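The following pair of complexes shares a single chain, subunit A, combined with subunit B in the former and subunit C in the latter.
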Partner chain A sequence: MDKSIVIIGSGPAGLICALSCCQSGIEPSDILIIERDSELGGTLNQCIHSGFGKSYLDEVVTGTELASMLSDAIRQLEIEYITDSTVLSVDKQKRIRVVSPKYGYCTIKAEAIVLAMGCREKTKGALQIGGTRPAGVFSAGAVQRIVNLKGYMPGKKTVVLGSGDLAMIVARRLALEGGSVACVCEPKEYAEGSDEHVTECLDNFEIPLYYSTTVTKILGKERIEAVEISKVDKRGKSIKGTEQKIKCDSFVYQCGLVPENEIIKETGIRLDTRTKGAYVNQYFETNVKGIFTCGNAVRIHDLVDFIVEEAQIVGASVKKYLEDKTAKPKSTVRIKNSDKILYSVPQHLDEYDEGIEDCVIYFRVNGKYDNLLITLKKDGEEIYSREKGKMSWLETGKILVTKELAEKIKGAKEIVICAQEKKNGNDTDNNS
Partner chain B sequence: MAITSYDVVIIGAGISGAITAYNIAKYNIKAAVLEAGIDVASGSTRANSAIVHAGYDAKEGTLKAQLNVRGCALMEDLTKTLGVHYSKCGSLVIGFTENDLEHLELLKARGEANGVPDLEIIDEKRLHELEPRVSKNAKHALVAPSAGIVCPYDLAYALCENAATNGVKFYFEFKVSKIDYDGEYYTLCCGKKKVRAKYVVNAAGLFVDEIAGMVGEKLPFDIIPRRGEYMLLDKGEIGTASHTLFVTPSEKGKGILISPTVDGNVIVGPNANVVESKADTSVTEEGLEEIAEGAKIIVEDINLDATITTFAGVRATPTSGDFYIQESEKFKNFIHVAGIESPGLASAPAVGEYVLDILKSCGLPLLEKSGYISTRTKDGNCKQFYEMTEEERVNAISKDPRYAKVVCRCEMVTEGDVIDALRRPIPSKTVDMVKRRTRAGMGRCQGNYCRSRIAELIAEEFNIPLSEVKKFTSNSNILYGKTK
Partner chain C sequence: MEMILTTTVKIKSETSKLLPVKTDKPILKEKLKKAMKRISKIQVKAPISVGDIIQRNFTEKGINLVSTKSVEK
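Our next item is the complex of A and B:
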């Protein structure tokens, strides 16, 4: 089977990208969306809480509502999609191996591919908690799925490890369903998620949040019976003698998300070890021409709003690519990061005949800072500077590459994003 | 109630019981396996290093040395017959000092005396060519090309599935608590459940001493439960090692090993700590640190952040240091297969032969079964979707469209594979049983995505409510109940 554009994944990134392709003039019949679940929408379907769609719809709705609005739009345009369908591999020639109830085991040849597979949760293995392996231990995402989509409870008394937004939303959800959450433990000295969530999801439900605390042991033979929690020092090591046993019948952990890029292992797409997503240019095109990527497959986003932006960029980029598949960049500018910058996306800017067009560089910092100055340097010379003020790893920073800035960047082999913490007004420190 | 009589009853469905059942199934013998757990490989066989040792560790002249070398040589054919993943990846014992080199020479001499083929000591340069990630401090290595890797529970399943296909009866949750002997038949009881047999093979692993005690016999050694903890790394780390990597053994023991697994992961471990309870398979913070430190001696930059799960197994270490496989000194036709710690997996094919010889010499008639099926099921060895060729995949899907629905995306396990596992000769009934047979839930997401779907498939198959589906044993319900 041949298809001009194949979008892998139907979360917000995939669906908005498909709609954006159509807006940029691509025929809906040229697009195929492949989804492994039985419905379009991806993780949005299990996010029954509010907080989605601000930039896209101009109103805030639940994840489920956003999923159904986007799916309706896809159906209205008659864009083809196959559900319950799993991509097994993608090769350099843009051949996609897929199994689906509709087509069986088949190969689809595409002209352009958009990788929008989203992300998955890291597992408890990474946490290395001691103890046994009984039933009743879940990741936060699994609980959200079980409760919101299957209508089952993981237990009636739960201990939660991790205070990311997802963990806190899940804790609230369990409380709302009549479960009791014994406590939320956070190894850091502060909450990993937003302050609003601490208030809305935990404080309002009288769920205690223990900082500098982790779960050190899982107890129970068949079904979990208790966990042992311990205080941790600043390096995250548990402190002997602070152990405390908390009875529970379920344990939920959140230890972070990681882009899901397994199916492109053999595609020859270069991955960034920091983001775990592909190296991309400002069009969100990977090093394999005609293969684009957007959403959480690129990097873990804090807000769906940024995913929307990326998906729209990709929609337009795909159209452009299909118009001239042989266009080659005249030059490439690598974007490097100094310390304090966790990562930035895109990892490089490509300059075509028309120069570097307006675009955005997204970045994250690696800590919590009160007064941050962000600069862009070319050969040691500052070409951009912006006072960012307060900033933490929770939020995405943006550098708008305007015509003026693009002019300054032109000709560089690489540019460096720097972050300096300003102390007492003028002093800056360069330590990490 | 009439008691079912068997010619042979095997106590324990670990690797030693499984290989015995497999061997017996070839003959016209009415046999049964009594397993205390709910599944094959519920004890030490479930959690160990998964290594087919070459046979240079055991002292010359010991039964262990003899069976290890023979078992290792038989493993390839056995796994081929049963469609079990096996790889003859070879092993390296790595030396860092001149002292180590001397020790490697000793190991080599011992291995040669034991009959291990093609042993060779290589220098730094060759070592780093073979294993580029190994520490630059490493100076020499003993190469054993005959060593390999195999999945221990998959091998046990395959052996038992073949035995069941050929008529061996399996009893699960049959924890033998009493044995009576009337001079001809042994009657084995588990509460009110009873079976009887003329011949008994005691392959109860950690519990062989307790079983011996039930007929009033004290084995000439004690069984010490020693726990070994492990870390399993994501498939992305497969480049860490292509052979099984050991350090030169010291007074402290064999040390931590790093090995690829047949499924493409990397296994790191074990330590060896004596534990009070034979059932203590918990992991400890200290234990994991010990393993991490040990692993970094071999591969300094090993990426332990890619650990997808940690686990522990308990080994049945005999104080005598050797395998003990013989007929009871007091009771006729009661055979102990005891003290089978490492290399019990590697030795298994030879243990099977050895036990069969003892049964024969006890007078058990061995008449070949007509219509014997050499594979796991009467339809051959089950192949999963991820193992199939393109053509086989197309065929499987056209026969059963559930093969087109991937349920475990990390390991590419389809609903068709899961349904098959629920209907095998020894059927799966719980999520963990499905996991160990199909690999669904064994990948990098550790079942967080597929577990609830697999539970649904089990509930549908056995027509039970979803909240009644178990993780493993009878009180391990996965879900609590419906939401409000």
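Our next item is the complex of A and C:
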């Protein structure tokens, strides 16, 4: 089967990308969305809480309401989608092997592909907790799904490890449904998620939050009976003598999300080991021409707002690609990062006829800083500087490439994003 | 402390066991427990559309419990 544009994944990234393709002038009938779940929406379907839409809608809505709005828009345009459909592989020639109730096993040949598969949770093995392996141990995302979609509680008395937004939202959900959340343990000295969530999810529900604390053992034979928690030092090492046993019948851990890119192994797409997503240019095109990617498949986002921005860029990018598939960039500028910068996306800028003006560089820092100065350097010379002030790894920073900045970047083989912390008005370090 | 209560109610449907709902205005923290107890007794039937009022004047006059998802059957 042939299809002009195939979008893999129907979370916010995939759906908004489809809508954005149509806004750019692509015929709705040229698009096919492939979704492995039984409904459109992706992770939004289990997000029954509010807070979506702050920067791109007139109102703030719940995740399910946003999924509904986007799905309705897809149906109104009559864009084809298949659900309960699993992509087995994608290759360099843009052939997609998929099994679906509608078409059975088939190979779809596409002109352009958008990889919007989102992410999955890391597994408990990443946490390295000793003890036994009884039932009653869950990841936070799994708990959100079983409570909100299936109607099951993980247990009656729960200990939560991790203070990211997801863990706190789940802790509140359990408390609301009559569960007892014994405590939330956070190995760092500060919460991983936003201050608003600490107040709204934990303080307001009298759920204790223990900083510098981690879970060191899981106890119980067939069903979990207790966890052992310990204080940890600044390096995360548990402090002997501070162990405490907390009785519980369920343990929920949040250990982070990772882009889900397994199906693209045969494409030759290069993955960035820092983001775990593909190397992309400012059009969110991978190193395989005509294969684009956006959303959590590129990098883990904390807010859907940035996914919306990216997906809108991809729509226009796909249209541009279809208009001239043989177009080659005039030059490429690599974007490097100095220390304190966790990663930046895109990883390189490709200059075509329209230039690089108006493109955006997104970046994250690797810790919590009070007084950050962000600069861009070309051959050691500063071409851009901005006082960012407070910034934590939670935030996504943006550098807009203005006309002036684009002129300065011209001719460079690479530019470096640097971050310096200023204390008392003086630079504390000089990095290039 | 006031918050928009978001939770789920039971639904009789071929595709879903639960229907996500929310209060269309924030409610006081003190009313949450009673609200959740009341919600546990509610059961609705498909079809339901986003925005449908599940229960009018839910905890007090002017605050309704509304659906945040459409379930066709």
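By our rule, the second predicted complex is superposed on the first by the 425 of 432 C-alpha atoms of A that agree within 3 Å, B and C clash if a C-alpha of one lies under 4 Å from a C-alpha of the other, contacts with A are read in each partner's own complex, and residues count from 1 in each chain.
Note that in this section a contact is a pair of C-beta atoms (placed from the backbone, for glycine too) under 8 Å apart; a residue touches a chain by one contact, two chains touch by 3 or more.
Bear in mind that the values here come from a model prediction, so they are computed numbers and not experimental data.
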item: Touched partner set for A:K245, first subunit B, second subunit C, both or neither; value: neither
item: Which of subunit B and subunit C A:K413 touches, first, second, both or neither; value: neither
item: Which of subunit B and subunit C A:K92 touches, first, second, both or neither; value: neither
item: Touched partner set for A:R120, first subunit B, second subunit C, both or neither; value: first
item: Partner chain in contact with A:E200 - subunit B first, subunit C second, else both or neither; value: second
item: Contact breadth on subunit A, by residue count: subunit C or subunit B; value: B
item: Touching partner for A:G141 - first (subunit B), second (subunit C), both, neither; value: first
item: Contacts of A:G151 with subunit B and subunit C, given as first, second, both or neither; value: both
item: Partner chain in contact with A:H49 - subunit B first, subunit C second, else both or neither; value: second
item: Which superposed partner A:K330 touches (first subunit B, second subunit C, both, neither); value: neither
item: Footprint overlap on subunit A, comparing subunit B with subunit C; value: 150-151, 177-178
item: Subunit A-facing residues of subunit B, complex; value: 231-232, 279, 281-285, 287-288, 305, 307-311, 390, 393-394, 397-398, 401, 403-406, 409-410, 412, 414, 444-446, 448-449, 451-452, 456, 466-467, 470-484
item: Subunit B contact footprint on subunit A (complex, rising order); value: 36, 84-86, 88, 99-101, 104-105, 120-121, 123-126, 128, 130-136, 138-139, 141-142, 145-147, 150-156, 177-178, 216-217, 221-223, 238, 249-250, 262
item: Complex interface listing, subunit C residues touching subunit A; value: 1, 3-8, 10, 15-18, 20, 22, 29, 32, 36, 50, 68-70
item: Subunit A - residues contacting subunit C, complex; value: 38-39, 48-50, 61-62, 64-65, 67-68, 148-151, 176-178, 200, 204
